[in-house]
Every structure is written in structure tokens, then in C-alpha cells.
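Common to both upcoming complexes is chain A, partnered first by chain B, then by chain C.
Up next, the complex of A and B:
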């Protein structure tokens, strides 16, 4: 073929020379028609000097995000305690219903499950509030720009970071946002790594586990997990890029919006719009899941009202126990992880239900006795990295148009999550024992 | 006049293109997808001075290479549908970057109207743009607007109407009819490309070296009548020089393909 005779340098040359000359022509035109104003240094320019600084950019980004998580966690604590108290009061009432199965359904299933997940509404709302502020002020686009510069330096496609950033809210729109990425291979890479970004649904797990095991630095631990999500997304993107696909990426321009003072009203509206989606999910999908989970923990092969140890959830969890033995997870947690494949909220929900049916109302204490600190951290990492939810898998299938890639994303995330969790256990075992 | 006048809006992302589209068409619009693509397509229409205008909002793009889906959609539409008027919307406060697309559109020889939008931002920065000089330099009608305040919309409608040659207003145009020296307008229905280029020299000229190469390629492909009548030959030559795979695949003749690939800088 003739095209192959042309060396790649030649092709690039012509394109670059033409682009150069076009910019030269534009420069000439601007000289003739454009006169710059006297106010050269605007506030926006000054802020950009700091936020987009070559070396300072990333540290500034990290400090801002850390502050955000710290704020989210600290402010939420009070509200979480209030909601918890309200539900335990309610649970005390429903437990007195004379029909035993109804009392158990309401107390353990609905209040223990859905009620427990609602305890984590405050951190989710505050996190959305904080993200809205960052977004409305125009900083988030700069953060994307700064991260992007790093990714381009590593040979990754530039535009990918924006979908990844969207993944902080929810992985489903993140996968869809990969449409903006140039080139099929680049787009596929972005689709495959965006589920590694820590979405809002994982937050309840983090808040619960970090609150029990690392109460003093819960905010920092959560921040680290989010950071780890970014790191793994970048690492996996590099791995895919080097192994599965090779494609040249075009340089790209990023439009930075103007800085704006975020309004309290605007941020509250944003927080409410996104938060309400979570509440709706809790009222429908999670409610249905809670009833199913409760039923499975109330019923076993031996009949109705068996002890949890003989119920279907326990059978399910125990079947997978050998696989997770090296990580030190017991069957209650494993069942949670299995249901977590449907949606991450189920991890917390099923823990709430199982412990509640067991009659163990102090979930924190129950967790503390069943997990070592190292295992707890391994659990956090596992939850961060394994398949986020069935909706994400569905959207990956739709966007790639292939069940094969959807299956691949599930498998690689499970393997990655297990491998990294095992690494945490191994390294943790060396350091702490 | 029976048929409506086709107008396409194009511009970089975030230049206020959608706002202008909404200002022009009001509620008379509908949204869909481009056939077979994941890119959104918005169409609408408006009436002005008794004429009916059909507006298509093309995706926001920085260039017209065939790299991203957005760029492919925009480019394909301009080439295949040859809208009567192409409105290129620029963010006036980011002229340098925005003009790149403008130069590409000039190369594509569409019937261009330039809009300098976000005039308010330019003024607030204290910058000054000599719009008349710019229009003269690019040999293109130019309108300044602040779309968010709906300023300049009537000027834009007037400019779109004025950009259409008289012939289009009242009667069907015959091939080869130059309409009393109106050689400024270009449309495949009125002139074939080679003739247009003879009549109107290129606004954007490159270095001698490139122009020589372009001339060589134009001469080679002029033997393919189909190709040189469907697309502006100079534009084709530029794409071939840039090794645009989509354009290269249009050349069916193996020998011709070999000849053009021989032309290097």
C-alpha cells in the first residue's frame, strides 16, 4: 500500500506546518484588528497563576479536596447521630408489634436496612454541596486541567479526566461522558477505568468503616480512598494503553470557565437535585432490596424464622468464605459484598439487616470485633475497586455495544480489587504484627 | 420563493452558539440525534422579511479534522448538504483560538457569515477589536453580538439574508449563470469548484512551498471530474497534504493516489 510508504514523520510534518502557518496568519490578523486593554492582570489571571501552576497545581488540588472531605465528614457526624437516634426510637416501637415476622420485617429489614442507609444521607448531601461549590466557582475545571496535564505527560489521552471527575458523583454518567473522548481506543480505555472512580454510593461504606476503625482520621482515610481511585484509574489506563490498545491521541484544548462566586442558593439547589435522586433510590430500589435481604435472612432451608446462621444469606456468604479467608472477611461482610454488586449501598444495608436480625444493634461494635484494622482497610480498598453496580455494567455494555467488554470490566475489577486488598493484608501484616 | 434558506451554525464549544440558536429560532425547534451517531442534532426555523430560514446547530468543534465524532458530523454536514449560509460564531474574547476554525471554514469555501459574540466580555476587559478591519481582512460579512442580552440578533438575520445572492431570492439559478458578475457566492449548484477558485483567489495563503505543493495536487486531481466538482479542489489538496484518510479514500484511481502521495513538502 502506498500510504505505508509515507513515514509517520512526514504526515505529522505537513499537519503541524499547516497548523503553524494558520496560527501565524491569525497572529498577523490579530496585530491588525486587536488592541489589548490596559487591565491586564485580572483576579482570574492571578488565581489561575496559582491553581494552574506547574508544580503547585497538584498540591493545591489535593489540599482543597482533603479539606472538602474533612468538612463533609465532620459536619455530617452530628446529623448522622440525630438520624440514627430517630430510627432507633422508631425501631423500639416497631419491635413491640405482636406479630413476630412483621416486627422483624419492619425493625430489622426496613429500619435496620433502609433506615441504616439513610443515616448516611448527611455525608452524601454535604459532599454534593462541596462539589457544587467547587464546580460553580470554576475550580473543578481547573482541577481537571491540572490533572490532565499530568495524564498527557504520561502518554494518556487528555480529555479523559473530565469523565473521571464526573465519576465522583456517579459512575454511570461518567461512562457516558466518555463519548467526548477522541478515538475508539481512548474512549474504551476511559470507559473501562471510570468505574474505578469513587462514587457517592461508596461513601456510606467508607463513612461506616472509617468511622469505626479510624475515628480520629476518618476524613483523611476517605480522602485517601478517593485519591487511590484516581491513582488506579490512571495506572489501569496506562496498562490498557500499553497492552490492549495503541492509538495516537490528538492534542486538545480545554475551555476554562470564568471564575464565579458560588451562590449558597445555587449550591443548595445542586445538592438537593442530586441528593433527592439518592433518596428516591432509597425509597424504591434499596427498599425492595432490603425486603429481599430480610426475607433471605429470616428464611432458610429449615423453614421460616430460623436463626441467621441457618438462613439463606448465611449460606450464600459462607459459600464464598474460603475465597475471602485470606482477606479476613467473615460471611456477613461477604454477603454484603455480593449484594454490593447490584449497588454499593447494599454493602451497608445488608450489614445493617444481618446484624439487626442477629439482634446485634451496635453495628460499630459488631464490626470492630469481626475485623482487624488491616482487614478493615483491605475492605475499604476492595469496595473502592470492585465492580461498582449493575447499572454501570449495563451502561458499559450499551456504550461499547458489546457484552464482552462489559464482562471484561467486571472481571478485571474483581481481580484488581482482590489483588490490591491482598496486598494491603500482606503489607499490613508485615508492618503491624 | 418556495424553498427555505438553509443556515448552519458552527463554532468552538462555549461560544454561546446554543444561545444564538435559541434567540434565532425561539420555540420553533426540535432536537434529535444525527443519524447513526451519538451526537445531538438541533434544528429550528425562523422567518425574516418574508423569507423562511432553516437553522441547523452543528456540534461545537475546534477544527474540522475527522478525528472526533463531533468534528466528523460537522464536516460531513457542511460538505454533503452545502448549506446556503454558514454562520461561524466566535468568542470575541478568545479570538486567537476561535479564528482557527474560521480559517478552516474559509478553506472549505462555504458561504460564511462571522459572528463576534460575547462582545460584553471584550468590553469589560477593556480590549478593542476592529470588526470592520477583520471583515475586510477575511473578506467576509461580520456581525457583533452579545447573545446573552439578545443584542445584535436582527443584525445577524439581516447579514444572513444579505449573504445570499440575489438570484437565490427570487428565481431558480441556472448552471453557469454568473448573474451579472456576482461571482462572490459559491455553491455547487451555481458554479463548479474549479471555476469558483479561478474567480475568487484564496483568502488564506500559505508559504510558497505549500502553495506549490497544493498547485501540484490540484492539477493531478483535476483529472478526476467527479472529485473536483463535488469538493473545492484547493480544500481537497490541503486535506491530501495533511494525509486525511477519509479524503484519501475518495480517490479511487490507484495511479492518481500514488501521484498525489508523491507530492511532499
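Up next, the complex of A and C:
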């Protein structure tokens, strides 16, 4: 009998057995000490009745996520304008420096690049603030629970949603969090789809493009992009499960924390802890990238101080122009996308530098003249779906222990991004012409 | 005040709020699609859908409330929470837009507070009456149901 039990248990996940044993012990203790009274109905039970409701759970989740992104975009607009005005003032001063290359480096390279990316600090901080509130309140755990139902119905592993949620902040820890997913196939699927979740580094691109092309609905467009990321993660996971990997999904056990009233101080601290990483990145990696980008746009085969059209950055962008011609992206945007392979912040940073060196200080106007509305949406979708950054590729290689899977993730994401962007152009062309 | 009285009042109240939010949500969606042109409704279709969800949550509580089922209170409370979240968001948007307008930033020069008066703001007084009612002791929400006084935080 014991032998039979053991053989059955061997097939079960150790964590499930552990959880069962834990509840068994809790049950035994309760039997000894618990005196039955009238049934209690806590506020947590009351909220869970709706937040975890079969039909209303997901619509309520969508309301909360929509509010988060609307808050992120709309409330940060004025603070972005303040930072932009400050850098514009500073740029006016540095442009007066009598040494032309130094004036260009500071004005176009540092202020046009790093200064421009710092304009997006408010939405990034506000998003982290909103995520902190959701985490501290205990709702985020419910969101994973609600989404688990959808994922399990599609034959996916419910626990995969936790790494995907982490991916809203950064894809690197999301890929690493896939370690918690049971089964090699489930884990690999989660690793491969985690980069499809919109990380904070993509937010500046969304805010810039949505703000220029969809000013009245920018918050909603950003919300839809985040939602699209989840949809594509689920769809791709399903495709992988049906084709590359076949493994049964294990049940998802999760202890839901009690709801807590989040404190302003606690949420601000969490926001700062995460947001400061972006500031450090801006002061180091992005600063170095800005100098490199500026140098490449200031120097060309013709020598130093050439026009940006004859610079190395232009050569790089124009080389890939035929590939992106069906999507309607010009060489400036293509260069941004190429540098965006290093880190998504570079997409906005390179646009800031290139347009600044070109003399287009109003980046919004420059973008509006070079992209159609449909192409702008295709660009947003492309940025959402293509390889997030080199760090994510590195961590995929480390977590899978294989360069093959890292390369596969880059290639499949590039193909997916291009195909979906082309679909947007095709459908958009039919609808809006 | 009996529990039965409270539940009936809440059921009636929930259906009123649900109809108000539902109508505003539909109008906002129609305005977003471009089928109607109404002031103070907004033209964000997705925002209209969010308002509709609030209506759905309130309406889901009506039936259990009429049946004296405490689950109805849960829908009522969450409906009020969602209405409050949408209200606070819109107030924050008005506040930050006001800062931009006061500082005379270019994008805010033509801003008017009337542009930001969406259903989530002007419907909120209706949704918040119950919360005010409870605070003033005119209504009992969180302690309703067969195990009154058992609801704890």
C-alpha cells in the first residue's frame, strides 16, 4: 500500500505534496483548538467574491489595468512638459558654446539623447507607483489567479502568468522567474513568451508615438498595447505547446494574501527602488550609447562634422530601409529600431539625437511628417513584439543553457513583429483609405 | 432600520446606479465610434467600456440583494470601489491639466475643465451616496447579511 502511495506521489509535483501536507497539519491543529462559532465573512472574502468572479473577474481586471495605464500617461504629461522645458532651456545654453563639436555633443548628443529619454521618467515612475499599489493591496496576486483560469483553459501552465506579470517591469527578471514553472517544456515556453510582455523600457516609445499620433486616446492605446502583449504571449505559448513542446499542465496552487490598505509611503519607496534603476541606466549605459550614437551621426566616410544624411548612422539605417519599406518606416526610425536591440530606451534616444543633429528640435512634428497614422501603430506593434534587449537574450541563453534557444527567441520575435506590423499596415490600409 | 429595509434600498439603489453608468457607458462608446455628439461624455470608446463594467458589477448585485443574499453586498462594494477608482483617476487628470494650464504650457493653452468632465466624474456623486449614507448611519452596507457584525477587515 505504502509502495503504491509512493509511486503515485512520485508522479506528483513535490510542491503540491508539500502544500497538501501543510494544510493537513493546519487542519489537525484546527481540529484541536478551533471552537465553532458563526461563520465569518471578511472584507477580503467580500472583495474576492467579485475580483475572482467567473465572469466579472477579467472585466474588473481590465478596468484596473486600464486605470493604471491611463494614470501613467495622462497624469505624467504635465511633468514631462516641465522636464522638456528644463532641457530645452539647458540646450539653448549649451548651443552657445563656441566649440562646434562640443556644442553639438552636449546639445544634440547628451541633451538630445539622454535628456530626451529623461523626459519619460514621470510615466515610468508613475507606472511603478501604480504597480506598487496593486502589489501592496494584494490585488496583483488575484490578477494572476484570474488569468490562470484563462491560461489553463488554453492548456497552458497557470504559474506562467507570474513571470509574465513581472515582465511588465523588466523582461530580464521575468525570464529568470520562469524557474518557478514546473516541467521543462512549460518552463521553456514561459521563457520564450516572457519577452512579449511590455517592459518599462518600451513605455517611452509608446508615450512618444501615442502622444504624437493618438493624443486624445494615448492612455487607451498604451493600455491596448499592454493587452496585446498578453494576448500574443498566450497565443505564442499555445503555438509552442501545440508544435514544439507537448507537456501536460500541472495544477496551479497559490495562497492569496489578505487585502491590505497600501500606504503612500510604502508605494513611493517601492516606486523609487525600481525607478532609480532606470535613472542609473540613463546615467551610465544610455549616456555611453548617446555619445556613441552622436559620434556615428556626426562622423561619416567623408570625415568629421558631415551632415547626418552622410553619417554612419544614416548608412546603417538606409542599408535596412528596403526591408522596412512595406511598413513605411524611414531610415531614422530603422536606426532607432536597430539600436533598440541593445535596449528599448535607445529607440527614443536615437530618434532624439538624429532629429536633433538634423536640426529638428520638435521631434513630434518630425515624426508626424515621416509616418502615417497606420505606420505609427505598426511601429508601436513592432516595438512591442521584437526582441526587447540584449540583456534579455543573454539571460535566455543562460536560463536555457543553449545559444540555440536564445537565437530562436530573437528570430521568432523579429518574424512575429514584422508579420504583425505588416498585417496592421495591410488591414489599416484597407480600413482607413 | 431592519436588514430587509436596507437590502431593498440597496437593491433599488444598485439598479439605479447600474442604469446610470450603463447609459453613460453606452453613450461614451457611441460617441467614441462617432455615432453621437454629446458634451461631457467623452469620446474614448474603451473608457466607455470601463464605465459599462462598473454598471455590470452593480447590476450583478441586484438579484442577490433582493433575495437577502449577502453576496449582493460584495458586488455593491466592489462597484463602489471601481467607481471611486475611475473618479480619482479623472480628478487627478483634471488636477494635472490645471497645473499645465496655470503654467501656460503650449499644449494646455486651449484646455478647459469642461473637456475633462467625463461620466466617471459627474456620475460619481450618485455612486457615492451609499458610501456617504453609511458614514452618516443612514444606511448599513458592510454589516448586512445573515451574519451581520461578522464582517471584519
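To be clear about the criterion, the second predicted complex is superposed on the first by the 395 of 433 C-alpha atoms of A that agree within 3 Å, B and C clash if a C-alpha of one lies under 4 Å from a C-alpha of the other, contacts with A are read in each partner's own complex, and residues count from 1 in each chain.
We adopt the following convention: a contact is a pair of C-beta atoms (placed from the backbone, for glycine too) under 8 Å apart; a residue touches a chain by one contact, two chains touch by 3 or more.
Since we're looking at a predicted model, the values are computed, not measured.
Chemist: Let me test your reading of the model: by the given contact rule, A:307 touches which partner, first (chain B), second (chain C), both or neither?
Modeler: Neither partner.
Chemist: Should A:32 be classified as contacting the first partner (chain B), the second (chain C), both, or neither?
Modeler: After superposing on A, A:32 lies in contact with chain B but is clear of chain C.
Chemist: Is A:403 in contact with chain B, with chain C, with both, or with neither (first, second, both, neither)?
Modeler: neither
Chemist: For A:183, select first, second, both or neither according to whether it touches chain B, chain C, the two together, or no partner.
Modeler: A:183: touches chain B, not chain C.
Chemist: Going by the contact rule set out at the top, does A:62 touch chain B (first), chain C (second), both, or neither?
Modeler: Touch partner of A:62: chain C, not chain B.
Chemist: Does the superposition put A:81 against chain B (first), chain C (second), both, or neither?
Modeler: After superposing on A, A:81 lies in contact with chain C but is clear of chain B.
Chemist: Regarding the shared-chain residue A:21, is it in contact with chain B (first), chain C (second), both, or neither?
Modeler: In the superposition, A:21 touches chain B alone.
Chemist: One more residue to check, A:42. First (chain B), second (chain C), both or neither?
Modeler: A:42 contacts both chain B and chain C.
Chemist: If you stack the two complexes on chain A, which partner ends up touching A:223: first (chain B), second (chain C), both, or neither?
Modeler: second
Chemist: Which residues form the common part of the chain A surface touched by chain B and by chain C?
Modeler: Residues 38-39, 42, which sit in both footprints.
Chemist: Residue numbers of chain A touching chain C in their complex, please.
Modeler: Residues 38-43, 45-47, 49-51, 53, 56, 59-60, 62-64, 66-67, 70-71, 74-79, 81-82, 85, 216-217, 220, 223-224 of chain A touch chain C in their complex.
Chemist: Considering the complex alone, what residue numbers of chain B touch chain A?
Modeler: Touching chain A from chain B are residues 12-14, 38, 62, 65, 67-69, 95-97, 99-100, 103-104, 125-131, 133-134, 137-138, 204, 206-207, 210, 238, 241-243, 245, 248, 257-258, 261, 264-265.
Chemist: Which chain C residues qualify as touching chain A in the complex?
Modeler: 43-47, 50, 53-54, 56-57, 60, 70-71, 73-75, 77-78, 81-82, 85-86, 89, 92-93, 96-97, 99-100, 103, 105, 107-108, 142, 145, 147, 150-153
Chemist: How about chain A: which of its residues touch chain B in the complex?
Modeler: Contact set of chain A toward chain B: 2-3, 5-6, 10-11, 13-15, 17-18, 21-23, 25-27, 29-30, 32-39, 42, 179-180, 182-183, 250, 252-253, 255, 257.
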